[in-house]
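So that we are looking at the same thing, I have put the structure below in structure tokens.
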Amino acid sequence: MIAFAVPFALWLTAKLLVALGLMLGVVLVVIWMELKWSAHIQSRVGPWYVGGRWGWAHPLAEALKFLQKEDLVPDDADDKVFRLAPYVMLAGTIATFVVIPIGPSVVARDLDIGIFYLLAVSSLSTLGVLMAGWSSGNKYSLIGGIRAGAQLIAYELPLVLALVAVAVQAGTLSLTGIVAAQATPLFHIGSTGISLPFVLSGQIIGFVVFIIASLAELNRTPFDLPMAESELTMGYVTEYSGLRFSMFFLGEYAGMVSMAAVVSTVYLGGYWLPGLSNDLLDWLGPFVLVGKIFFIVFLFIWFRWTWPRIREDQLQQLAWKWLIPLTLFNIVATATLKVVF
Amino acid sequence: MTDSPSENTPEGFAADFAAEIGAERWTADNDTVHVYVTRDKWVAAATAARDEAGLGFFSFLSAVDWAKEVAVGEPADDVDNLVERYEVLCRLSSATEASAIILATSLDKDDAWLDSLTSVYAGAAWHERETAEMFGIEFRGHPNLIHLYLPDSFEGHPLRKSFALGAREVKPWPGTVDVEELPSTTNVEAAALSGDDTAQSAPEGEGS
Amino acid sequence: MPIPGIGLAKGLWLTLKALFRKPVTVMWPDEKEELAPRARGVIALSTDNCTSCMLCARECPDWCIYIEAHKVEIPTDKPGGRVRTRNELDRFDIDYGLCMYCGICVEVCPFDALYWSPAHEYGEYKIADLLHDKEKLVEWLGTVPEPPALEK
Amino acid sequence: MTQLDGRGIVEVSDGGVSVELKGETMTLNIGPQHPSTHGVLRLVAEVDGERIAKLEPAIGYMHRGKEKLAEVRTYAQITALINRIDWVSGFANEVAFIRAVEQLMGVEPAPRAQMIRLILTELTRISNHLVFASSYPLELGAFTPLMWAFREREHIMDVIESATGGRFHPNFNRVGGVKPAAGGGKTQKKVSLDLPAGFYAAVENAMDRAELACDELDDLVTGNEMIQMRAKGVGIISYDDVIAYGISGPNARASGVPTDLRKLETGLLPYEGIDFDVITRENGDAFDRYLVRILEIRESIKIVRQAIGSVPDGPLQAKVPRVLKVPPGSIYVRAENPKGEMGYYIVSQGGRIPYRVKIRSASFSNISILSKVAVGQLIPDLVATMGSLDFVLGDVDR
């Protein structure tokens, strides 16, 4: 029994470390990408001197900068909740990587209720944000926190309903199952089977709604009201500094990567590329997935540096009056299509 | 007088308007029209300006402190027959034409109060608060006559001529310095030169 | 009524095009922009023109020019000639921490002792170092450019 | 539109249900150190949830006492002091003051200098409106327009610097004309500060860049549905409020008041020979105030293009005594500053120093309406309204 337990425990920690390392590496690259691309959009140069050519070490330098800054806790802050908030939010984001398949056989833990777990865990970060907003003892953080709470709850629903439609079409809740469903050929032209990722085969509405909802989930423009620089200085993050602030900063970008990973797995076919055999995919899978993640992250960055932010009552109206009816219609349509074909 | 002034030069406009509200006198030199009114006709004149003469645009309200001896800057022109007073000026103009007047009234210094124009012009509130704190004139009927610019703990009224400029008391004026004399000759004319020609009324500094 | 999303889409297209255009930043320490000849960067002093008449110190609104001078006898060539004196500058400081670059001193100087120079890289860590003394001001004379040609 | 009476009871009218939510209000200090208050303005707001019940601006953090300082300075020194009131449009502040002194002294400014003043004023107006038109979307959350507009504005700054020596504070105005020569001495007097070579070409290029900036701002901001959602119907100022509160400039024209001092005050700068029209909008909300300024940039570009062609030859400055003594008298002259009516009431007692200078600045009256407009708004709306008024604290506090 023990013989079996030790390698399993070792094997699990190894897998978690790999997943964590991959995720952290991708997050640092994403931070660099946001700095570089936003600069070029604004005809600036962006990171340049740090780490020689192209400023590749800029995110590392920022992390070190935050480490050596003093992270103070305001006097009238609610002490324990204030210290715990960033870790609750980060945990909620990192936990989603457990379920995302990186290759046909490479996945941290292949749960057969993958999507359900995904949504349950990602709403944990809402809790972290509310804790931060309430406990900072600062009026602006309170307003930022409450705005975040209302926004995240309002956009949880379209997220869930969009994924329901995917589950209906794929017939399973497990993510590897969904990727496999996208890999099976839909129809045949001559001998070769053509198989399409869900975004092309009927889930386009779900894809668009999911992108909008994940933008709101991540508090990114046009929905960055909780951290509205020009109104609430930094929203619920105002009182944080040093290591705790970098946790929030990391949490935001890790959230971006995790949402991008979920979108690419569920809608763009995850690690799968047409024409690659399974064992080849074992090695190339992660790179394909990361490529798709970078594309989705480019979308997020592109939207942020082009559009303003909207007011929170417009934001709520968008969610309740537009996104939710759309996703309901999407579920009905997918179900009927599923039955007909 | 509801129709437009007879000939719409500033003088014509001033003449008709002054006659209509029974002003003491009016002047229109440098084509800036001043209409002098006694204190009790102040609000009536403003209302007449807004309703009859169509001067609805509230430009500004301020005051000039006429004082004999002056702690700051150059004294007035003919100091001896100068009447010590606060002259409150309120400029009213029309938003679409070029016609405008400056309503002026004189308050003597120890009884400096005036009726507030906030009932006639909404924009007068801040201007009156500023004039009140800068000159110490009391505007009766003003909704909240508290400090506008200065911190609440500030005593004194800065724009009065008796209020000296702090910065110029502290730092000696670099301009008073002059060329140091030869050790042998004591040049009377040079000493005199450094004594009197102060372009500004800075304190006398000894040439170092 | 234009199509609802057209404004947003045009914005996106614009930012995408901007992404691939060359940035305009001048990387300051390595690349330097060429300065306008009339730019008012720093005031240069030529001590031989200056007769320490104190006009600039008096006219300066910020009181930031400090001058000290003393009279010096000029040796006459023929014996018994009239002893003439000349002003010798001891100290001529401009405190750039106070100066607002209005240029009244340069304009009012009757002996062309003060010149404008576009040099602007004299930032300091301590504000006291912004008080440039006579030698520093004479150094700046080297950076005074030729006045630009005029529009015909 | 929801409205709110004093006791904090919210009447939610668009939902059709009148719900009595009795809750105390929270006093929220917006400022003096706040990203969207354009400087050190402090708004003491009574906030019910996010809706503003009462708002009282507290100003004076930027009060430098310009009027007191003007009483100890000669007229040349005051011009250096005055262009720091509204520091975004430095040159335009001096025009009214210098023209007032010229009229007091009865000096007729040199025609060439008048046209150069007109060109520089319009260039300053474009640069001021470009700063506004790009920082306003920043208030609403869009970062990119700011960088693009500033990139184009650099060309205008370089043109002003090449001609006058300064970017924000050119200090180029002298009584009787424009700064004629580099200095007072023999050689420097011969160095004429006339327009440098290639000035017209540089202005032409700057105008094309400004037009490019306007087109980009139109595509990226004016046409953007989200900006319209955030700015249309927000912070509406009615026609009578504009007049009663003394609001002037683009803010007044956006509410339909056709007041443009360039047309009314004909004696100031030679605007007669140049055809341009006054831009007005009707509904006076934040979006219209933004739109009026974008269209005014295009008008100013048209003005500058016509003005370059008709700069008369001649001296740069009229005959003026070296030591300036202004005859006794008092005068009020106002000019169309990019932010509104900028006027100077000068009382001179015949010396080198004025007896009293009253500075009528545009933003002071423009934001006195904030406490009236902000009631019942959400905080993001307040930020949108404040941004659209385009005020600067130096102008408010003098």
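Order of writing sets the chain letters: A, B, C and D. Residues in each chain are counted from 1.
By our rule, a residue touches a chain if its C-beta (ideal position, glycine included) is under 8 Å from a C-beta of that chain, and two chains touch if they have at least 3 such contacts.
It should be emphasised that the depicted structure is a prediction, and the values quoted were computed from it without experimental measurement.
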Notebook entry, point to check: Suppose you hop from chain C to any chain it touches, then on again the same way; how many hops at least until you reach chain D?
Noted result: 1
Item checked: Between the pairs B-D and A-D, the one where more C-beta pairs touch -> B-D
Item checked: Distance from chain B to chain A - Cα centre to Cα centre, in angstrom -> 65
Margin query: Averaging over Cα atoms per chain, report the distance between chain B and chain D in Å.
Written below: 24
Check: If you average the Cα atoms of chain A and of chain D to get two centres, how far apart are those centres in Å?
Finding: 45
Margin query: How many angstrom lie between the centres of chain A and chain C, each centre taken as the mean Cα position?
Written below: 54
Notebook entry, point to check: Listing for chain B: what residues touch at least two other chains?
Noted result: 199
Note to self: Please output the residue numbers of chain D that touch at least 2 other chains, ranges allowed.
What the structure shows: 74, 144, 148, 151, 220, 224, 226
Next item on the list: Two or more other chains in contact with one residue: find those residues in chain C.
Entry: 8, 11, 14-15, 18, 24, 59
Margin query: What's the complete list of touching chain pairs for this entry?
Written below: A-C, A-D, B-C, B-D, C-D
Item checked: Residues of chain C touching chain D in the complex -> 2, 4-8, 10-11, 14-15, 18, 24, 36-40, 49, 59, 61, 100-104, 106-116, 147-152
Notebook entry, point to check: In the complex formed with chain C, which residues of chain D make contact?
Noted result: 73-74, 76-77, 80-81, 84, 144, 148, 151, 158, 161-166, 169, 171, 179, 182-188, 191-200, 216, 219-220, 223-226, 228
Item checked: Of all residues in chain A, those that touch chain C in their complex -> 37, 39-45, 48, 302-303, 305-307
Check: In their complex, what parts of chain C are in touch with chain A?
Finding: 8, 11-12, 14-16, 18-25, 27
Checklist line | Contact set on chain D toward chain A in their complex | finding: 26, 28, 34-36, 50, 137-144, 146-148, 151, 220, 224, 226-227, 229-230, 378-381, 383
